[in-house]
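Next, two complexes with chain A in common: one pairs it with chain B, the other with chain C.
Right after this comes the complex of A and B.
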């Protein structure tokens, strides 16, 4: 911010001082130069023949992939049902584990800030940072391929996400309501049930359906590594270049995701 | 009935909120605690039921010394001290009935309270109290649907259903309009009289305190500067409590209000 005295004694105001102005223009100049240089490097490293050819190939695949092979739907009912179950059961299991972790991680409810809170935060970070596909690969090695591995992978991956959002909600509660319940002589658990839980219920419901919605998407790919669900059909169809089947599978996934989104929007609307 | 001996609170930041306060409140006495913001009024009443842990000193409720109690004994004693809050502190997403019944948590086990299976006697008492404060048909409404005055009435019911011997009241009227403020103060004082309760009421509105209470304590920088009858509050006294200001206006206004009050 710059207040500048004019020669006739009046004052004027500009957003930037002249030297700030020059610095900003210089920064823009550098940014453009970097962009042009990067563009050239990428261009040199690209085999342009493949790029020019891409529309033709895409058109070719599209013509092979249409129309979808509708009769294949009979073989997809089970896998899509599995997929939805993986997402639902995985989310429920994750919520059961996330609730205690969230209470241990929230500054205002943790039993010990020095020992338990860091452990809870570690659980949150560790489960969040590893993708569910990688969890599935690990779990298949441990408990073998199948739907169960998928459920566990989804559950583990979701703990951190749910616990993080939930503990932030716990930290934001109105403390006076907790004080009031404490003042009545309620026990620690009663204070939790009356003072804290009602305040975080909307957040909890929102987090649960939001994560369920995400998990439907995540569980569609778990089959690619053998953890059950519709991804298995997708990967085998891709392997044998059965494009009409691939199209149908993608359509089925699309419908499942849209339905999931619709349900979660309805639930959230009803609660909040 | 309540006796504070050399009660001291020093916050970790080094602020001395209470400096060796001595105070005795006989049974059934309604007392107003006045003083500027930051004088330690809230800290004082929170040190009594140990929502804030006092640094040193003793608090006697009847014969029981509160500052050394373990957690379960403290919970038993907290049942005898009802608390009413400035911003009502109702659990917003629970119903009026649940809020009133939450005053019984100290008497009911966890699972009964969790499943909302309160004893019928408690429910009868809740209905009686709601009827007394004029909210009987609101019992099934959610607390966040109520107006400020109605919420404070629910807060009063929650404190009274504890069957307390003492009410700790923290700025009960600070969020209310002048008319509702008077109604709430009158209600609190009437209920204290009906039930023979002692009460400590933190209040900013000196005029309002003078109308309703029997005794006024002035707190400044964590120490008691004044202890006397409401009509002993002279401009000089208010100056020692709050600092220099033209107090004549405040006190004159009180006299007129008292006349209004007496007229009908």
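Right after this comes the complex of A and C.
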């Protein structure tokens, strides 16, 4: 905010001072330059002939993909069951691992700020920044393809997310209740069970359901790399260019995602 | 005695053992949920086939991977890794810029206090579609349409960013303070001036924060788009796993984690400065 005197002596209001304006324009210039450079690199790596042809191809795929092959649903019930299991069991396993990590990462409950907290934070960052598909790739290389690899991939990927939200909830607790339990002579574990856990229970349930919802989404595509679930059917249908089946699978995934989101919203609404 | 009712309630409690109140108050709901959950769990676990012999065999490879993580190999595939990482970063930056630019008008349109009902419904529809479709599925379709390469990845990430950014931006606009906006309107400002001086200053810090967050997400997502041929580091990573070159894979994973940490750090600084 600045009052500027014009050349004829009158005063006027501008939102930014001249120096602010120059910095802002410079920042915009740099941003545009970076973007143009990025776009050029993408453009170089693109076969533009295919892009100009894209509307025709898109129309072609659309005409092949409709109507969906409804009869294929008979073969999808078992993969759907697998997909839900991957998401649910993966979330449960993740929560079991995330709770100790969260307690170690929270400033007010960590056994050692100097040694254990950085390790817990490293676990959180490392598991969070790698996508579940990459975890699945890694686990398939190690323990072989199948639903089990999918469950473990989802579980590892979810640790960081759950632990991060949970440790933030632990750090925000009301300290007086902890003090009250300590004053009665409670041991370290009793303080945790009666002073801390009841306070974070709603947050915990919310996080669990929220992550379960995300995991339903992620588990639908794990099959693309061979980790079980409906993604396996998707990738085999894509490989043989069976577009009507692909449409049906995409519709099923869409329904699963919407139902998952609805359930999670209902449960979170009931808790909060 | 005025304290009689309290005393009688106390009398009932004295002598009985204190029980921890349950998280779910209604007993039938609590036990119903617990029993249903246990039945589901048994059904689910028994339907998962685990080839324990194969898992046991794999432990050796797991140990090899952990060993590879201790000694990652950046050198032997360095050109591939460098090109892949650069492509991922380029896709990330370009798609975040485009995604944010497109999501601003859609976000304005999806805010009920600014947009008329038809525009609101249209924008909310776009957001719902963009959020319901998984990135990797969009990438598969776009690769089929536009061919292999970073363009498909760039379009995928832009599309995914639109849903995310517009939704959060619209919610932020809906919760803005009405008073400054009304003050601007009272000066006789046009619609554009009203948005620029009454609404934009209120949501700008959050927009910057969200953009930085989305940049972070887009980078993480760009690491997997290569699996389906949409460009980025994913293709290199997939090849490394397929050839059991765990040391190269470990190097790529370390680079991804490092980049994500750096992005989080930078976005923390920028957000702190803007707010």
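Criterion: the second predicted complex is superposed on the first by the 220 of 272 C-alpha atoms of A that agree within 3 Å, B and C clash if a C-alpha of one lies under 4 Å from a C-alpha of the other, contacts with A are read in each partner's own complex, and residues count from 1 in each chain.
By our rule, a residue touches a chain if its C-beta (ideal position, glycine included) is under 8 Å from a C-beta of that chain, and two chains touch if they have at least 3 such contacts.
Here the structure is a predicted model, which is why all the values come from computation and not from measurement.
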Q) So, A:6: does it touch chain B (first), chain C (second), both, or neither? A) neither
Q.
Tell me the contact category for A:181 with respect to chain B and chain C: first, second, both or neither.
A. first
(Q) Quick one: is A:27 in contact with chain B, with chain C, with both, or with neither? Answer first, second, both or neither. (A) neither
Q: Quick one: classify A:41 as touching chain B (first), chain C (second), both or neither.
A: second
Q.
Once the two complexes are aligned on chain A, which partner has more residues of chain A within touching range, chain B or chain C?
A. C
Q: Return first, second, both or neither, reflecting whether A:240 touches chain B, chain C, both chains, or no partner chain.
A: neither
Q) Is A:189 touching the first partner chain B, the second partner chain C, both, or neither of them? A) first
Q: Answer with first, second, both or neither: which of chain B and chain C does A:201 touch in the superposed model?
A: both
Q. Should A:141 be classified as contacting the first partner (chain B), the second (chain C), both, or neither?
A. second
(Q) With the touch criterion stated at the top, can you tell me which chain A residues are shared between the chain B interface and the chain C interface? (A) 194, 198, 201
Q) In the complex formed with chain C, which residues of chain A make contact? A) 15, 31, 34-35, 38-39, 41-43, 45-47, 50-51, 54, 57-58, 61, 81-82, 84-85, 88-89, 92, 125-126, 128-131, 133-134, 137-138, 140-144, 146-148, 151, 194, 198, 201, 205, 217, 220-221, 224-225, 234, 238, 250, 253-254, 257-258
Q | Residue ranges of chain C in contact with chain A within the complex | A | 20, 23, 40-41, 44-45, 47-51, 54-55, 58-59, 61-62, 65, 86-87, 90-91, 93-94, 97, 132-134, 136-137, 140-141, 144-147, 149-151, 154, 197, 220-221, 223-224, 227-228, 231, 234, 237-238, 241-242, 244, 246, 249, 253, 256-257, 260-261, 264
Q) What part of chain A is in contact with chain B in the complex they form? A) 174, 176-177, 179-187, 189-190, 193-195, 198-199, 201-202
**Q.** Touching residues on chain B, where the partner in the complex is chain A
**A.** 49, 51, 75-79, 81-83, 85, 87, 89-94, 98, 102-107, 110, 113-114, 155, 158, 162, 168
